[in-house]
Each structure stands twice: as C-alpha cells, then as structure tokens.
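In the two assemblies presented below, chain A is common to both, partnered first by chain B and then by chain C.
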Partner chain A sequence: MLNISKKIENTKAVLTLEGRLDTVTAPEMEKVIREALPGLTELILDFKKLEYISSAGLRVLLLAQKAMNRQGKMKLCRVNETIKEIFEVTGFSDILTIE
Partner chain B sequence: MPEKTVREMSAAQRKHYSLEAKTFRATLLGCILLGIVMLIVGLGLYSYSLTMQYVNHAFYISQYASMSATYGADPLAFAQEVMEKYKSLNAEKRMKTGTAEYRAEFSEFESAKNYTVLINMLSNYTRSEDVSDVYLAMYDEENSAMVYIVDPDEEDRLLPGEWEPVNEKGMHKFLDWNGEGMLYDIEHIDKYGWICTAGTPLRNDKGKICAFLLVDVTIDNVLTGIRTYTLQVTVAMLLIIMIISFLMIRHMKKTLVEPIDEIANAAQEYAKERSAGVKDTNCFASLDIHTGDEVENLSLVMADMEMSLSEYEENLTKITAEKERITTELNLATRIQADMLPNVYPAFPDRSEFDIYATMDPAKEVGGDFYDFFLIDSNHLCMVIADVSGKGIPAALFMMATKIILANNAMMGKSPAQILSDTNAAICSNNREEMFVTVWLGILEISTGKLTAANAGHEYPALKNPGGAFELLKDTHGFVIGGMDGIKYKQYELMLEPGSKIFLYTDGVPEATDAQGNMFEKERMLSALNKDTNAAPEQILKNVHTAIDEFVKSAEQFDDLTMLCMEYKKIEE
Partner chain C sequence: MTNKIEKNYVTVKLSGRIDSENSAETEKKIFAQLADSGSSSVILDAEHLEYISSAGLRVILRVKKIYSDLRIINVRTEVYEILEMTGFTEMMRVEKAYRVVVSVEGCEVIGEGFNGKVYRIDRDNVVKTYKNADAIAEIQHEREVARLALILGVPTAISYDVVRVGDSYGSVFELLNARSFSNILAKEPERMDFCVAEYVKMLKKIHSITVPEGKLPSIKEKTLKALERMKDRLPDGLGDKLLRMANAVPESNHMVHGDFHTKNIVIADNEVLLIDMDTLSVGHPIFEFLRMYNSYIGYAEYDPEIVLKFQGYDINVAGEFWHKTLEAYFDTKDENKIREIEEKIRCLSYAYLIDWRTRHPGNNSEVENATISLWQNRLTELLRRVDSLEFDINCGEKSDSDELDIEASVNNLQKVIGFINSRLEKVDCSAKKLMQIDLAVEEIFVNIANYAYAPDVGKVSVSVKLSGEPSAAEITFADRGVPYNPLEKEDPDITLSADERQIGGVGIFMTKKIMDEIFYEHRDGQNILILRKRL
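This part shows the complex of A and B:
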C-alpha cells in the first residue's frame, strides 16, 4: 500500500510518501509524478514514512530525476536507513540529491 | 402467504394458490360484498317507498272519509255527545270498558241516527279501499286513552264510548299537526302487527279538535314483500356473480396465466437446451405473446436476455481462447527463458577446479532476474547475476537483451568494468521506457584463483574463505545499467583460496516476505548459508531455499528468486 499526498505551490511540489513503493504501487507513483511534472522547477520527495522501495520504485525515481535534471532540481528528504542502504547498493545515491 | 415455496407444493396446493384460484376468490368475495351492500340499499329504498305508498293511501282515505262524514252526517256533534257521556263517568266506571255494564251506559248512542249513517259510510270505506279499519275516535288527554266514537271494524268492533290506552308520544304528533304534509304514525301492536295509522282531525267552529278520522293499514305485507324481494335478488345476484367470476377466470387465464405458463415453459426449455449444449437457443424469442401489458414486456425482456447471454457466451469463448493462447505462449516463454540460462548440472563435468550451481524461480511465468556462467576461454570463467527493474514480460524482454549483450562483450575478452560500461552504453542508446538492470559480473582466472569483478548497483555478494563463514563483501558500487549514459564502472580483484565459495543472489532473497509483511533479511540469509559451510554449492542453495520457504510459509512469492553459488577447488597440477 502506498499513500501519496501532494502539495503544489506555483512551480514547487512536495510529495509525501507513506507505505511501500514496489511493483504494485510504482505505476500510481509514476502517474502522479508525470501529472505534476509540467512546469515544475522544484520537486521534493518526503520519504519519512516510506518503508520499502523496490527496483520498480527506483525506476520511477530515475525517471523523475532525469526529467527534473532538464527543468530544475529534485531532492529527497528524511530518507530512513534501510532505503539509504538500497540507494547505496544500487548506486542511486550517486545520482540523487539526498538530504 | 403460503409457507412453502411453489416447488415444494403438492398439485392441490399449487391449484389453491394459483392466479386462477386467487382471481376466482377475489372476484367472488368482491361481488358478494357488493351484492350485500346493494341488497341493503335496495331493501331500504324498496321498503321506504312501499311504506310511503301505504301511508299515502291511508292518509287520503282519511281525508275523503272525513269530508264524506261531515257532509253526510254531523260527526262533530255526535262525538261531543259521546265524549260528554264518557267524561261524566268516574274513573272506576271507566275501567270497566269492554264489559256489558259499561256498554249499557252508552247504549243510547247505538241507535242514534248519526251513528247509523257514519258506521255504514265508514264500513263502506273499509271494504272498498282494502284497509284494516276506518274509524272515528277522540283522544282523552288526561288518561292517555283513545275513545272510540264510530268503529265499523267487523271482527273486533268497539262501540261508542269504549276506549283503549294509547302511546302519548305518538298521539301528540296528531294533536300538534300544523296541517302540512301527511299525518301518520307507524307502530307495532302485538295484536295487529305493524300498523300504519293516518288521520285527519275534525275541528269545530272554534278550530278545536273534536275528533279524528283515523285509517289503520297493516303494513305486514311490506315485510312479506321484503322477504320475497330478498330471495329474488339473492338468487339473481348469485347467478350474476357466478357468471362474472367465470368470465374473470377465463379472462385471467387468457391474458395472464397462460402467457406466464408459456414463459415458464420457455425458461425450462431454455435450461434443458443449454445443458444439452445448444448455443443459439430460440426459446424466448419464439414466444408469441401480445397482451400489450407487463407480461408481454416480460417475454420481450427475457428474449433480450437470451440474446445478450448468447452474445456474452460467444465473447467469453473468444476471451477464454485468447487467454489459453496467452497461457500457452507464456508457458513456452518460461521454457525459452529457462533454456537460455545454463541449467544442466554438473555444468562442466570435465572441470574439477570449480563447482557451480544456480537457480531461478520467477514470481510470474517469466522473470526479470537472471544468472549466467560460461567459459570465456579454458582459463577464464565468467559469472553474472542480474536483476531487471519490474517483473513479468517487460522485465523478461529487457533481461534477454541484457544477457546477450553482456555475454557478447565478455566473450570479446574485455575486463568486467569495460563489459559493464559498454553494455550500459548499448542499452542507454535506446531505452525510452527507462528500464534498468543491476548487474554483478565476475571473471575467475581458474589457474590462479584471481577473481576480477564489477558491480552495477547489485546486492553485495557473500564470500566464504576456507575454514571461515559466509560474509557479505562490501564491494565497490557503480550505478545501475541503463539508468544513465556514460557511466564508468570500477572493478576490483580478490584472490580465492581453494575451498573458497562465493554466493550471488538477487533482492528476492533478502526481501522474501511472510504473510505479516516481515522480510527475510540478509542476517537470516547468512545464517542459512552458514548452516553447513562445507556443503556443495547445490546443497547450499537448497539450504537457503528451505530457510526461505520456512520463513514465508503460505505467503505468495512476490519477487523473482535467483541464486548462484560457486566453489573454487584445488588447482590441478
């Protein structure tokens, strides 16, 4: 299960994720991000309540990162240890901005 | 409402609850109720008008008789004389009315001329007009008595002066009459039955009432009339009710019962034909019901349903066939994918320097995980484990391409880092779906035990040195393959002593999840590996698999599960 709450102010969007970002929930996340992308210059993903991320979830992050590289910046905040480890193992920590 | 359903009922019960029987009962009950109301209203009107006719008759006779009497004699004077005599008697004497002694007191009046004239006249009226009695009388207010003056009644004649007690209330109606309408009163007297008395008062010059000319009519025959009337109406009513009920039943049968039976039969026939396998049934469509009401609508709706059901079934057959085709193709794809990976063991029967074993269990028919191992030349063994983002067919297609590109690059004799960099470049050149794959690739120099490896975002391998236990090797990590163009990978070297083992896996192993959502985790994986460190690679994989099965129990396998284990043995001299 995944709950996404969206807060958009002008060209800045904050997405707060809660639950699991896996094969089942990744398509929903992809849809939310694709809808929010046009005209966006700052994307912040709040991972405080995200418990787990699978490779399908990483793919959505990669997609968002690549899009935001073209039109602004993206950062992840409040990432827990488990997910930080996944980012490190997969090399995602090199391409993502994690606070 | 019946307690049983229609199916549980006996034939007799069904008949009892049938629409036909219900209609019959409802019609019968309705008609009878209506009949009773009509009868009561009819009887009321009938007896009222009949009684009024008698009243009318009696009243006019009294009018005519009073006129004749006044014209032919002097009834007022005669009445006054009788009343004077009557009033001269004391109460005791009066009580003797009807006796010979009492009559003797009035004997003089019987021979009076007035009396003779009047009694003949009134007697004539009585006979010719067919009434009970036409008589002259006066009311004695003090004693509530009716004093007879002239009474021609042949059966029960009262002589002048004789009296009878009367109902004071009824009498006041006569005394207070203002001359409008008809003067009459109806009373039941035990001796005579129902009697209607109509009258005309006779007044003297001063307008004082001196006598009444009264006419008695028995209206018992009105009651007899009512009895006859009731009998006749009841018989006629019953006949009409029977005819109406019969017609209603016939109407109901034709417009409701028979069409419904037809629909029920069609439904039965439909069920029979369906179970016999007939596809294009025509049971409801062939119904010919034209009642123009809900029943016809029902038959049309049933026909529509029949048609849409056959269409639905046709579609279902198509979809099922399509599904079967997809299943067949998926099964074939599963086999092709499995065959693409080395899966015959022992894999290298003529090489005793190493032992290698690997398995892949996709979560769906096809998976995105894969392992691979092959000899680049007689001295170099290449081992690969990889995990494509996502699952199912998209991941499987991506996995096939990656596997081939990796193997091709490896066979060209490149270093692991170069293989990964070149593979990344090849995949990134055309990857619009943003798929990526994590890869660990190692090349073992068999003669020396030197392992050169590179890691593109894959899980840490587990390494066991001779005499030691399995431990995670926190190796140098690069970014995943296919994620970003132009990535340069770093490689690392390590020397394997004879008896060393390396265990490679995908995230399906540590992330295997039980029904409560708990993960297997790397700690459990390591303890499963170390359960029997001396076991051959095949047994080590079985141990891990068993541990995972015991952990997840009945929960569905969610991710692909892929493992590879290689044991480096003694170098052959």
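This part shows the complex of A and C:
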C-alpha cells in the first residue's frame, strides 16, 4: 500500500512516500498534503521508495503543485525511471520540478 | 473567550462567530492563552460557537499545527456539519454536544450484547447503551466501522446521534419496526427456513467483500492471542498443535462480522440488516464460524438454559438453525462433510470459550469449573484426531481461471491488480511493463467502478490472454453498464502550465499512450474494452 512519513520544520515539509500511489491510496496522500499546506513555503516529495503512480496520484501532485505555486515551491526528488516516464508521457515533467 | 486548565489540557472557550472579520484577533487571543498556560494539549470548547467560516477554520489548522493534541468538544450540529464537510472531523477529534435522553427505564429491550443493551425508545428509534462510563471512543469506533461496512455494501444501520443515558452514553439508530431473527425464531419457529436462507445470504455477502488494507483488525490475530493464553491447559502438547493449525489458516482480507448470531440480524421495514458492528474484522470464515458455534451450542453445552436466556429460543431450535446454516453455506447435505467442517470449527470454538471463561469469571466457580473441564475434555478428544483446520470455501471465485468476475467497485481494485499480476507472473514481463499494464488496468477498472452502474453497483468481467511470438498480453473488460467509449474522451492539453491545467482527465490519455493497442465496442448490451501490450 502506501506509507507516508512527514517531516515538518517551520514552513518546510518533506514527505517520503513508500509503496503505491493509486486510486485507493491517493485520498490519504491528499489529506496529508492538505493538512500540511497552510503556511507552507517549501514542499519536498521524496519518491525513492515509490513504486507506482496512477492518474489518481498525478491528480494529487497537480493539486499540490497548483497550491505551492501560490505560496512557495515544490520539488520531487529521487524519482525512479519508470515513474519519470509516466511524467514524460503525461506532460507532468514540464510542470513539476524533478531533481 | 476564557480558559481553564483541566488535568494537563488547557481548555479555550470559543463563542459567537469566527469569520474573516475577527479571525486574526481570535487567533491572537487563542495563542496568547495557550502560551500563558504552557500546556501542549488543547481542548477547544465550542458550546457557544455559532458559526465558523473558512478563515476561522484556518485558525484552527494553525493551532493544530503547533498543538497536535487538539480536541474540539461540545460542537453544535450546524458547526459540526461544517467541520465534517471540510474534513476536519477526520483530522482531529471533534465531539458533538450531546442531548440528554430522559431515561430508558421501562423501555422494551430488543437486544443485548456483551457491552450493553439495546432499547426501543419509540416506534422508529432504538438506543444502544454502553456499560462503560466513558463510551465515546467505543461509540465512535462502532460508527466508523458501520460507515465503512455501508460503503462496502453491507446493509446496516448507522447511529445518527449520541445521547447521554444516565452516567453513560448511548447511540441512537433509526430502525423502523425492527425485529431480530432471534425474536422470529422464538415466536414463529415455522419460519426457520426463511431465517436460514436470509441469514446465509447475508453471511456470504459479507464474506465476499474485500476490505481495503488496514481498515479493520485481523480476527485471526485476535484468535491466536486467545490460543496462546490457553494452550497450556491442554495435555500432550495439543495446545501447540492447535496453535500451529490455526497459524496455517490462510490470511484473508475478506470481511467477517465477528459476532454473527440471530440477535444481530434484524428485519426493519422489510429489509434485512446486520447490526452491532463493533467486532467487524477481516479474516478466514472459520473464525466467524467459531463464534457462531458458540452462540448456538458452545456456551450452552453444560447448561442448555443459557441459549434460551440469551436468544429466546431453546437449544433444539439453536442446534437445528446451526446445522441448516452449515448445509446452506457449504451447499451440501453430505453429513460426513458437514461433520468434518464442524469438527474443525469446534477445535477453535472450545479454545476460545476456555480462554473467555477464564478471563471473565462469574460468581459460581463450581459450575464454571465444571463447564471449563467439559470444554477441555471435548477439545482434547477432538485434537487427537483433527490434523488441519483448512476447508474449502466456495465463494464463487475460481482460483486459477484466466477470467475474474467481480463487483465493479473501487474496493476490488487490489483484487483485480492481484489477479492480473498473478497471470503475468507466468510469463517474462519486465517490472516496467508490469507497472504500465497495472496502470492501464487501474484506469479502466476504476472508470467502470465509478461510472458504469452509478449509483447502483454491477459486475465486470476481467480476462487475460497471453500469446507468444511476439509475446503479448491482452486484457478484456466487459460490463453491462451504460454504453460508454472512453477512447472518445478528448485528450488533455499537456503543454499547459500547472496553473492552467485542469485537475483530472489524464487517466485515459495515459492509458492510450502506454498501451500498444486499445479497442472498444458495444456489443450485446455490453461495453467491451480490450487492452493489448507487447511484452
């Protein structure tokens, strides 16, 4: 399934994801992000252990990106090749900041 | 706004309206009070709070961010609705203001369980009381699982209110003319076959429901703990043998009720409902049957009067009902087969009873000791000849077929993905291609689950065909929902910036990109969609 661990320091949050971000788990991710959003200026998503992302997961990323465009910045790091390709195919590599 | 410190909680009273006009000022006041108190746990008392706007909600979020142990209490219905709609009730503990129910004295008792009684307070409403004085956590748990069960398709009642009853609390349910199966069997035993049929239908239904991971506790784990506690009461290492056999029962993410006896099945307004959901769990049906055996026979093996006292019908009716239930559930009249299954169930039933009685002694130790030793002797005798607890449960799913017929519900997504993956494991398929196939399957299946039959539910058949030279997978979805060709959906403009892009609409587009071919047709009343991918 999906494990999300979060580290919040002042206005910066790092979310580390592990597992699958799909239709079933995306609502949980959305909830965690919505909770963290107020006052946040930097959001970092660590994808090292994320194995899978479906359109439900992309939807949450777009929501987060839209919100962070208004209040700060968002970055994805350690994204695996298969997921990078999904970002390419869907045009998400142009709207997300991927390190 | 005033504050007081209760134990290590600091309570801040909110009043009037909190909106954009005064939210900044309110926030300042709250933080000033909290800083003064030095406490890290906060209760917001909303008894006099009339309205809260989104500006006010943001204040609460900022408080929650610093004081993560935050509760809101005494919330009026209007404010509670706002908090519920905005998801706050899931983020933090929010307690409603409880109205006081006059008294349940003299009201008809329509049900009784281990934790409390169910009274009818008027024609259409019942209140379930709890023995525990601080029952709020229990009530909330039961409400949550009942809600989950309802979403997963179990006909059940959900409490719509919590009231004070004497020193404790009660939850109120609307149950029109509710009558339990126990009551029917006691008053009209000639309706036995009707009760068995409806009872087994409900049982099979809940056992066929897949529960998303982590939502419900495992009944196997709970049973194993009981076996651990009692195993040394059995001679010759038979306790360890039982524990080994129970451990070997396969894990399952299917729903079990955990206390499925005739008092918990009611007919209300001509609809059969399952109630008393606090024991809802996941696991193999054998653990459900273990408790059922006890309700009808196990508890009463020493003193047959117990069944009459608890269910209202006698031990003969209970025994017949139990036997017919096994026949109907396992779809057999073969006495040997029934006995074989029953013996496996009884191994666990007796162990559970011995542990339960030991931990909940009553006030007649002589009778209790005699009862326990009767159970121990019967269990010992059974364990000398029963070598496995496994039995076939025919729940309509073929395990090695290349076709899966399943309810089109998002809750079955993992099952569908699991089915696809198990078929693709047989061939050489890279992790990347496997993920791409999973993605496409998820998009198509979720689409069918959300739209094909809405607001009803229906079935979808998913089949996998693998071919060689060149090696390829072909996955076919067929449903009888509204005709819909997802391929006609317009592609999103992927050159837009994040702010310009619409949320959603990317799933089908992605599916088209990562599959080699997709076909759709509407034929014989079915939507047929075929995905092809070279491996």
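The rule we apply is simple: the second predicted complex is superposed on the first by the 99 of 99 C-alpha atoms of A that agree within 3 Å, B and C clash if a C-alpha of one lies under 4 Å from a C-alpha of the other, contacts with A are read in each partner's own complex, and residues count from 1 in each chain.
The working rule: a residue touches a chain if its C-beta (ideal position, glycine included) is under 8 Å from a C-beta of that chain, and two chains touch if they have at least 3 such contacts.
Just so we're clear, the structure is a prediction, and the values are computed from it rather than from any experiment.
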Chain A residues touched - chain C or chain B, whichever exceeds: C
Touched partner set for A:38, first chain B, second chain C, both or neither: second
Contacts of A:54 with chain B and chain C, given as first, second, both or neither: both
Which superposed partner A:63 touches (first chain B, second chain C, both, neither): both
Partner chain(s) touched by A:97 [first = chain B, second = chain C, both, neither]: neither
First, second, both or neither for A:11, with chain B first and chain C second: neither
First (chain B), second (chain C), both or neither touched by A:1: second
Residues of chain A that lie at the interface with chain B and also at the interface with chain C: 22-23, 52, 54-56, 58-59, 62-63, 66, 89-91, 94-95
Sites on chain A touched by chain C in the complex: 1, 8, 22-24, 31, 34-35, 38-39, 51-52, 54-56, 58-59, 62-63, 65-66, 69, 81-82, 85-86, 89-91, 94-96
Chain B - residues contacting chain A, complex: 368, 387-391, 434-436, 438, 456-460, 477-480, 483-484, 507, 511, 558-559
Complex contact set, residues of chain C against chain A: 58, 61-62, 65, 87, 90-91, 212-214, 410-411, 413-414, 431-432, 435-436, 438-439, 442-443, 446, 492, 494-499, 501, 503-504, 506-507, 509-510, 513-514
Interface residues, chain A side, partner chain B - complex: 22-23, 26, 52, 54-56, 58-59, 62-63, 66, 88-92, 94-95
